[in-house]
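Take a look at these structures.
You will see chain A twice below: alongside chain B first, and alongside chain C after that.
After this line comes the complex of A and B, so read on.
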């Protein structure tokens, strides 16, 4: 908000610009230089605006439109009958939807808790000074940057029943008595996916928390030290409260990015076994591109939109609150 | 050179261990790809490869060259996405930082929200849209799809950057006889190299790793990018992990290279992306 205000107050050189634009070849030049002056500003933003309008907003709203229609591959180009809330009724009654909703919640919450927790511990560690610190903390980002298809495939190999390293280590240290088929049985498949996602998300959380830690004012700590506070006291009384706004924003971003995940489900389990790893985005994909029932898929998409809208409203509210502080 | 205490070298050692454990999966991917098949399936797992050979790479790069086609497609799509994103985002971010525009706040909000929308919500409507105008199975469709992922991020990162460039620069250029467009091109653009690299790298990485649009907007193998290529190899190789890990390593190589050379820009992109 402060930044916007700066732009507004600084935008006072209208006359200078008008002088200049008279050189521009424009037939309506004499009419009103002010209008053209404004128009030329909007030309900068026009291409991006049109792109967002046609290829982003229109598709998002099209999900809503189609959720009230009966659309299959047969009438994709033709007449699409209006069916009211029938798609929503069908989705809410399907067992798969409820399972996906439940799995998505479990998956998102547990991923976030561990990503944020481990990321925070690592951020505290990497916030200390030691040789090659910057190298270490940025190389960990490789986990986050690797395309999800590759990560999914790689973890399938790590989770392998007969030759996977994870089973081998767990059996060696005595946690497991015998190797288990992580991705092949209902009881462990979702846990395996969650662990994979935690691995992907840790460096992202760590880097963000680290930059928040480094933005903390150092003089407060010095003052606390002079007042006789020990390390624990200054951590819980200074670091934790000061980091709160940043952590809340990272939390919301994490929820939204975790909620999205589709690729590793497709590669690692395909939603199975028996829906054990079925999540909302994947369910929406299956409805549209396996069953070719675009109307139902639109209904699932709209439900996802509503959920995300609620989350992003919380996000915007927090950003506002933080800015006003 | 700065002098470090013994404690700091101790921390260094802990950092080596933490990073080593954390990045073990990546190490495992690379080492699996260079082991002979017998060693890949040895029990206990062979942590340090004893025999190194490149059979899996010879098999997948020289004998079977289909991966080259996927690489080419991924490259075309990723470079196309970066260019389109930059062309759209650069002037928009500039104008939003510099001019008093009506609706600029709303546009910013829309970008924030669209950034959060899962790809599948874009893919299904875009599939219907592109199939109606016969654009499925084309590079433009893939580039447009991926740009929807990259554009909000790009504008949100670039706008604060332009806010930080002193305004006096363009005003001086205007006095020297530039108009709004030439001032932007001659004075502002040359200063934007770091943010161009950040945004360009991220757009490239986003589209290099994309699976959703590749899966839904293409059916023709000759257009499909490497992520789809990998899913094909997964079906084809089953549990031939040495070949699968070789293919994965080849696909991850551009990421690792980009990371080595553009580390600074990647880290700054992530941190500024979370700011409002």
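After this line comes the complex of A and C, so read on.
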């Protein structure tokens, strides 16, 4: 506050000259000079603001508009009739939507639980000091660095029913009596994709948690040790509560990122067999670019947006609660 | 002083934004530049770089530019999967090219969307439409009007591995469904599957299934008829027999080719575009091509590319002159040879100087095309196709075929024209 006030008084002399000419009343003078003083700051954010406006806000807005219109390939150039909530009604009534919503939820929840769980354990492991620790830590990141197209195709071959390594190993050690067509049957396709995604996501979670762990103050642990706390006590009473904010952020980012799954589905199953791996983003894509039904697709995209907004709101609420505690 | 600088910065930003907007605008709207009497025709197609089909197209454009000084081409390659999206964007943004080379099942959708120009008058005046095979021609028509010209065709036929046939003691490729099932079963060993086809959840699955549907005497408008059910049952039975890999559900036509190339499949159903690849990559593979086995009748499916002129072009006459020129037998023949494609005009197809009349394997495809049907089911075809794909996948995962076909028919019927 103080700094601001200083700037205002300093600039008053300059603005007075203008205002005298216009004979403006006094309170306005302060306000206008405030804006002018901050103008340079606004100019700095202008490019970013324009970018967000044109490339993010406008498409989102346009998408919402389309979701209330009947847009197909036939009237893409002409009049697009307003149909109210008809698209939403149709989407909610289609069985594919319910299947994709269910699949997306299963996919997101199980991916996040295992990614975070295993990532956390690995983070604890790498938080110890041992030889070659940094080397192994960077090796772990490879899974995250590999482009999804490659990972997807790789796992497609690993899961293959005739030549896949996974089936071969499971049969050799006697867990399976005959190979399973992992991606080719409805009961296992989603599980196979979830496992792939868990593998991809572990290192990302691990690195974030590890950096949070390393930022924890050491003196708290020392104090606890002096007070006679054992390892479990200091883990559950110190590490876990202190990590809460970091875990919360990772959790929310993870949910949003995982909910938008698209590429891995496209590469590995194309939503099949039948609808076993149909997820919301892929369903929206299919509606727009295969069936050319842009209105319905817009409705699906808007529903995804609303769901993710709700999740973000929950996050904001929790953060506020955390801060007030 | 300071103030002036702010406004300077702001106006600089605004001016540069304005300039950027202008320059990109003039770049894209330059399709009809006629300032010095030279017309630039913009062409969009999906012939991938360095493929035989691209050589064919580039040869065509170059040849035409040489003989017509007032025409220049601006050709843009767009990957197969993106062409439709790109066209849709073009429609929305009013930035379409003059000429498009498009996959024939999509032709009607875009014609109905008003993307392609009605060239019925021109085609009638030209008077050569009767020379074309029925199937390809039907794919460019909507409600009795012409919206393009078929350029090249292909059809599915049966490839078979002669060595594996000899080993199993089979002399001839299967000619009927019963023989197909029988032979495939006999050829199946622990390492080799009898037949490889595509069943992944993409257009290729529909492409590979429709021939059986038509062979059975059924069509998409009676998808729940006993004939249609028998066609789906044939595929399901062969998977249950073990003669088609369970993995067919994730295989596209290239995967089928790889299975065949590596001897993991004794037969495959595939198109003529695989011939050059097989000859080049698998020189020691002893294979032959045969007509698709017949059910009640012979049938195969027609693939290929069509020419279309967009409705927004300012150079319709020049574009039409070019299209007409490409269809002359002495232009078309040599260029199709180069591209590994087949003609769809009887006068070119029957001309004995061309490869497809000397090459025994190519000849099979030429013959197959005569029974090949196009996917001409109106503008809802893409959606119908996704329902068919789903039906195939359900049958492949061992669901009851009759239920599957009944439920699919209910979804398909309202979408048919």
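Just so we're on the same page, the second predicted complex is superposed on the first by the 279 of 325 C-alpha atoms of A that agree within 3 Å, B and C clash if a C-alpha of one lies under 4 Å from a C-alpha of the other, contacts with A are read in each partner's own complex, and residues count from 1 in each chain.
One rule holds in what follows: a residue touches a chain if its C-beta (ideal position, glycine included) is under 8 Å from a C-beta of that chain, and two chains touch if they have at least 3 such contacts.
Source: prediction; values computed, not measured.
After superposition onto chain A, partners chain B and chain C are found to clash with each other. A count of residues in chain A touched by chain B and by chain C gives the higher number to B.
Of the two partner chains placed by the overlay, only chain B lies in contact with A:150; chain C stays clear of it.
Contacts of A:308 after superposition: chain B is touched, whereas chain C is not reached.
Of the two partner chains, chain C is the only one that A:275 touches; chain B does not reach it.
Look at A:226: by the touch rule set out above, it reaches neither chain B nor chain C.
Of the two partner chains, chain B and chain C are each touched by A:289.
When the two complexes are overlaid on their common chain A, residue A:173 makes contact with neither chain B nor chain C. Residue contacts after overlaying the shared chain place A:40 against chain B and chain C alike.
Residues 40, 43, 47, 76-77, 160, 162, 289 of chain A touch chain B in one complex and chain C in the other. On chain A, the positions that touch chain C within their shared complex are 36, 39-40, 43, 46-47, 50, 73-74, 76-77, 156, 160-162, 181, 183-186, 269-275, 286, 289-293. Interface residues of chain C, counted against chain A in their complex, comprise 3, 6, 9-10, 13, 17, 84-85, 88, 91-92, 94, 109-110, 112-114, 200-202, 245-247, 249-250, 264, 379, 382-383, 386, 389-390, 393-394, 396-397. Listing the residues of chain B that touch chain A in their complex gives 4, 8-9, 11-12, 14-16, 18-19, 22-26, 28-29, 32, 40-41, 43-45, 87-89, 91-92, 94-101, 104-105, 107, 109-114, 116-129, 131-132, 144, 147-148, 151-152, 155, 160, 163, 167, 171, 174-175, 178-181, 184, 205, 208-209, 211-212, 215-216, 227, 230-231, 234, 239, 241, 244-245, 248, 251-252, 255-256, 259, 263, 266-267, 270-271, 274, 276. Residues of chain A touching chain B in their complex: 3-4, 6-8, 10-11, 13, 16-17, 20-21, 23-24, 40-45, 47-49, 51-52, 55-60, 62-63, 66, 71, 76-77, 122, 125-126, 128-133, 136, 138-143, 145-151, 153-155, 157-158, 160, 162-163, 165, 168, 172, 199, 202-204, 207-208, 211, 249-250, 253, 256, 259-260, 262-263, 266-267, 281-282, 284-285, 288-289, 294, 297-298, 301, 304-305, 308-309, 311-312, 315-316, 319, 323.
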